[in-house]
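By written order: A, B, C and D. Residues from 1 in each chain.
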């Protein structure tokens, strides 16, 4: 089924959730200035599915329910699915200039699909079947599914079992399900999705088996607590939720999600103590998510490139060669990252489960290209805009009866734009330059060092050694 | 005279200033959460002058009043002054992790000192004497002097006279002085200094001579209007002025400064229509300010390096080689920038006025090293900290009676720190990663492209060509 | 037909060519130490076609002669052809660690195929048919076809017609054909191929129409003169053609090719004064050749990575983390370039002619990734090897009866290799570090600045601008 | 005394040395095409001392013999000496575009001066006095002193004593001196200097004490064997010693130097088993040599910048903005490296011995800037020149009566130069782009990874940590 934004909001509005924002409990979260933009972002993933021009990317047919579904709930049955998945990520990022909140859920479902198949085959468990039932359920109702992955980690030199209940763990195994306790941090969109799938964040060993757990919950079920991230951008959104805050869809809204002894029935449990599969699941997920991330970054860069060009026109510098050079540089960084993603998709492989997995080498390399590309894009945008990107007066100054005329006069750029439009754009630039994105770019898809470990493993270095031995006739 | 922080605040408090913050007029600016940190930052420039360990850097003897003065008001009479000036910049930046607000004023005074000497010599004007009297005045009272430089620029493809009163200009010349009209943007600290010196922002030609103007005003004199920059960090400081906002001294507070027909008496005018000296003055200022900027950036980097190391300890990762590598990388970038500054100082030249000027080639190169160094430092800091640097809950969440215990438990790192201290540090990292600094680093001391123009001019490329001709015996 | 290396050498040996090497006329070029490695390299393109493991990449079916042909003579009839073409380039580069000499010819044939189709359609010429006949001919005989493209350019600030017969031009149009005069520089392998196809090197306007010429000649036909490049590596190959010179296949052997009034019959002429198609042809060729270049660079990098790992083992440093980091860095650079190539292939488009063309944006971006990747790979290899890569004694020193024992003893590394093998590898490293490759990497596929022009044109920047306008509700 | 080039050559000519070049024993080395350029290079260090314009840099007064000496033999008695030493390095590199061969000797003498003072103070040895006598001797005769440092290292995972006589060691201690055995590799200029000072290459422990040895020998004394490096450039210099080989002074000529049981009298021994001072000596030397290296690299870059500009004029591209940008980029890289060197000099410290030592932090950072700067300079030069830098025909082709006219015509650039001059310049570019320099730049002053170890140690990271604690009021 293809649901609507309205239906999604209605479902969400009914939920009774325990939410804290900057130390205060929030009752009507749907209209809260920090939460509404998240809902609108997710809303767009529903809206676009009804636009003819995006239908090919947004909608596909389910192999499980044999009807059209939103691609964010799809399991990749052919290589082309991988490519469309990438284009989906880019499309949303370029429309939102922020998170769409449905990527991680989608990526976990696919990673679980591949991993549970292998688990069942070897361990004679029946997680795969359960998962298929679960996927069928969310597809039938077109539910928004988010993912919870990143454990708070305490002392990183210690493994989970060496610490005092820091990582999310199974505290009880009952006849009808399990009880879990712990916290996941920086879960994007957690509060306002229908469903959350949970998985471990690192490889685990036998002593850590209580932490080897994957499952799905209905968002806002009993004993869940949500604490919104608090950064400067959230303050601004609370104070001036209008265009002063730059992006109508806001920044990436993440939550500290506390599982204070939450019960999960068995039909929603997809891993339970199979510690030896934690690293496989993490690796499959990382592979998919780093892949998708290249589309996400390219979509963000699209808005940065567009803003760069528009600002150059507003400033009267669009024809300066050093300005054009910088825009081309941004394009190169962004498209190199995306091209590497495309290569990962096109060179993807079909797993035993039938689900396609992107080429892991290129997926990991694309992640290493994304950060410098986005970082450089942001620096170039700040360069093109001028210092005003962080020092401009506000919309309220512009609208103030005493000083508005001065702002109107002095903040004007070239004649192609009104002061108001230029200020809107300036605030959008501030959103990129002085917002929380760089932090997201650094750590989204894992810290910058982790792909190197995968790349070393995947690069067939010894085979290349043999090429040289053969060439030089060395024994 | 060496003034105290208390005396400085008393002077400032008496001023009647027209200040707008986010669209609202502010009456008691001294206690305003966005303004107080600026006052405290400037306050530290007074306080440190009384600390024995910093006296050699903070205090020197005036050649004009023959008594100890704060180095921020000194004209460089010997090469060593240049070096100490650089160390002064680094010291303050490393103590404040934000602007000290007295650099630009100091740099303009020195640039004017050199330039007015040349003007007088050729044009038989008497600006130099006036300036000396003015310097004597501010030194005698240890006044905080800021500088106003950056014109709003409208359409950058047009020169000042081709536009409609955008750049600051002389609107009237009277017997006792001049009247000026226009706006300067992003003047750091403008509101809360004793004095402001004003100069042009670009080279000017004859048609632009009304814009060739330099002078000093008492801050807050008649017809001046100040509008505080509005960015997300300012919102946060207003909402949570405590440690939640990361840096007790706040971010760099800049103002849109509107000169709505302001009268300036002749003894405070240092350039009046001598358009041919605008570029000389700008060039001298840029040279000095880019030089000083290398110390400023290195001081900021000191706090980033310190935060990186501390966070690694708090996260339990201080011994990981990839973490150490990143810190060393940050050190290298920062110290290369600073070393280039040092070279500019040590290779400085004595101008005809007697004032020393840093080597322009190295001063400009140091500026080009500063941006990538600081940018990389910030990315490395985000990397070492983790995504939590932009997604952590708040101080208010920690102190909330219902959820405080969870925050306390789950935000804890290794045993070397309390959760509170780790969160303080996290918020300081947020300040760097998701604050307005990158914008400042891009444009402080001029946009990234301008030093290249100077470098090309200064590099003696044809002399090097002759080296090759001689070597190869080419005619 | 699939020819053999032996047949190829026999054909070549019969040619009577005017060849000069370092100022001397060479009669028996087949055994000349600078030429033999080129013949061996081309020979491998024939040999590998008979190896079962490479057949899928080396051999395909011709749409013209309906029999198996060497892929170097194939016109791309489906997308998969593009991908296999890329893999072909990588395979050969990784086997040869130098040029295979058949890429440019292949790429010109495909570019001509697309361009002549368009020309004929608009201009009612019949070049396309001629070209098909020509392709049929070379396929039937499995001829080695090289390409001549790069004109000597004299004063680059002047166009061809403003100079004194510098660019290759048509000097006479006769009933049976045309006469051409001029010189092409750095044509790889020119002397020892069966055929050479010639095309312009830059966009041309009407005044330059005499330079708008494309045709094929039998290599070594009347009035052709070949002058071998002379660089240090060629000297070394002449002095010590054995393993002392590092790569048995030598460096990329290019020639200055002089057309001293050469007659070309009409059935071998594919462009004759249609100046308006020069830029189209150049653009199509560049697109294809930059695409293929990403495979070529990745293949070279494979041998550099292999040599890096092997040398680390020989030096006893294979487990040092900073060594491993460098190898991973090389892998990342190389694979990013290759992935970008793959993306260009997979996102290729079918032209009207039926021939597939790689995506131009990604093809151009891959070129910009190739140079820094290869450069960095070489620097890392030098780093891992040690200064000995340019300072080692020679094979002749090792074999000298008086000092051989010392060399044997002191040049030994770890126990995993003999001194002889280590020295072979050292000489291979010298080949990369101190050979002419960097020059080739800089200019192969055009100078580093040209792709930027294409990228700017291809990047749909205004569309991205509209994304932002829509997002911010800007008119 | 200030000696002349003629006197130097006369001294050298008398030496009876065992030299092997590419497997052959060489008798008259003075005129050998690979050796003569080395002699000419060293000769210039004598010649320039007599040129008035360079006297201030080339000549100073000795504190030991109270007369003018060549600065290459000076012990730094004041800070200004450090700066002039740096300028000396740059001057020679910019005149020679290759090694001057006297740097390492000079740097070892200064490092020994500092280290032997400390050794004597603690160990009550009398090395310092001996060294002063030795320095007095070389100063009185203005001898060319080279340094031998880099041991062949065998298996780098093993220390010297774990291997089979690979590193240079003391094999016998006699009444009148010691006997040493081993080999030093890549000693620049070793054969044709008057004297060689020898020191260890790495830190040593007690088991390695036989390898802790430093001494001076008269070059070419009994049981010494010299084997010239063999790389492609040496082949070319042998084949075409004229301008075809690019640089009249040749490339950096290094030797494998074999000490086959060489006797050293006590008055020339400066360390003998004091293993605990090996690392101190190495560290002092590295510090000085990396410092000096920044001047050396900048001098090389001067010739590259000059060649870039000249070639742009010859090619008719001197006004293209992307060409100018590249030259400016090269200037920036080079001057940043040199500025960092200057900072190291100006921030130098006086050691107990009275000799000045550059600031170690900046010296090490300058080394890390030198490699990318020189590498980038070379790539930019190749870019500006065109592929012709590695593919041009030869001087002999130009002078060949049959084809000379073609070369003359087709290799011509713009009218500002003759073909001959353009080809001379092309060959000079080839020398940089395809010569052994990159290898030298990578490993000169130690491998690229070693400075990082020093930087980490020198950077006061914990002090910076305390800055942050104080700022945030963290305990």
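The criterion applied here is as follows: a residue touches a chain if its C-beta (ideal position, glycine included) is under 8 Å from a C-beta of that chain, and two chains touch if they have at least 3 such contacts.
As the structure is a prediction and not an experimental result, all values here were calculated from the model.
Peer 1: Which chains lie in contact with each of chain B and chain D?
Peer 2: Shared contacts of chain B and chain D: no chain.
Peer 1: Touching both chain A and chain C, which chains are there?
Peer 2: The common neighbours do not exist; no chain touches both.
Peer 1: Using only Cα atoms to place each chain's centre, name the chain farthest from chain C.
Peer 2: Comparing chain centres, B lies farthest from chain C.
Peer 1: Would you mind pulling out the distance in Å between where the CA atoms of chain B average out and where those of chain C do?
Peer 2: 53
Peer 1: Roughly how many whole angstrom separate the Cα centroids of chain A and chain B?
Peer 2: Chain A and chain B have C-alpha centres separated by 37 Å.
Peer 1: Quick check on chain D: which residues sit in contact with 2+ other chains?
Peer 2: Within chain D, no residue touches at least two other chains.
Peer 1: What kind of graph do the touching chains make: line, ring, star, complete, other?
Peer 2: Looks like a ring, each chain touching just two neighbours.
Peer 1: Okay, what are all the chain pairs that touch?
Peer 2: Listed in label order, the chain pairs in contact are A-B, A-C, B-D, C-D.
Peer 1: Which stretch or stretches of chain B touch chain A in the complex?
Peer 2: Per the touch definition, chain B meets chain A at residues 20, 22-25, 150, 152-158, 165-166, 183, 185-186, 225, 227-233, 235-236, 238-240, 244-245, 254, 256, 258, 260, 315-317, 319, 322, 371, 375, 378-379, 382-383, 386-397, 399-400, 402-403, 406-407, 409-415, 430, 433-440, 442-444, 447-449.
Peer 1: Which residues, counting only chain D, touch chain B once they are in their complex?
Peer 2: 94-97, 243, 247-249, 302-303, 305-307, 309-310, 324-325, 327-328, 331-332, 335-336, 338-340, 342-344, 346-347, 361-362, 365-366, 368-369, 417, 421, 424-425, 428, 452, 455-456, 459, 461-469, 471-475
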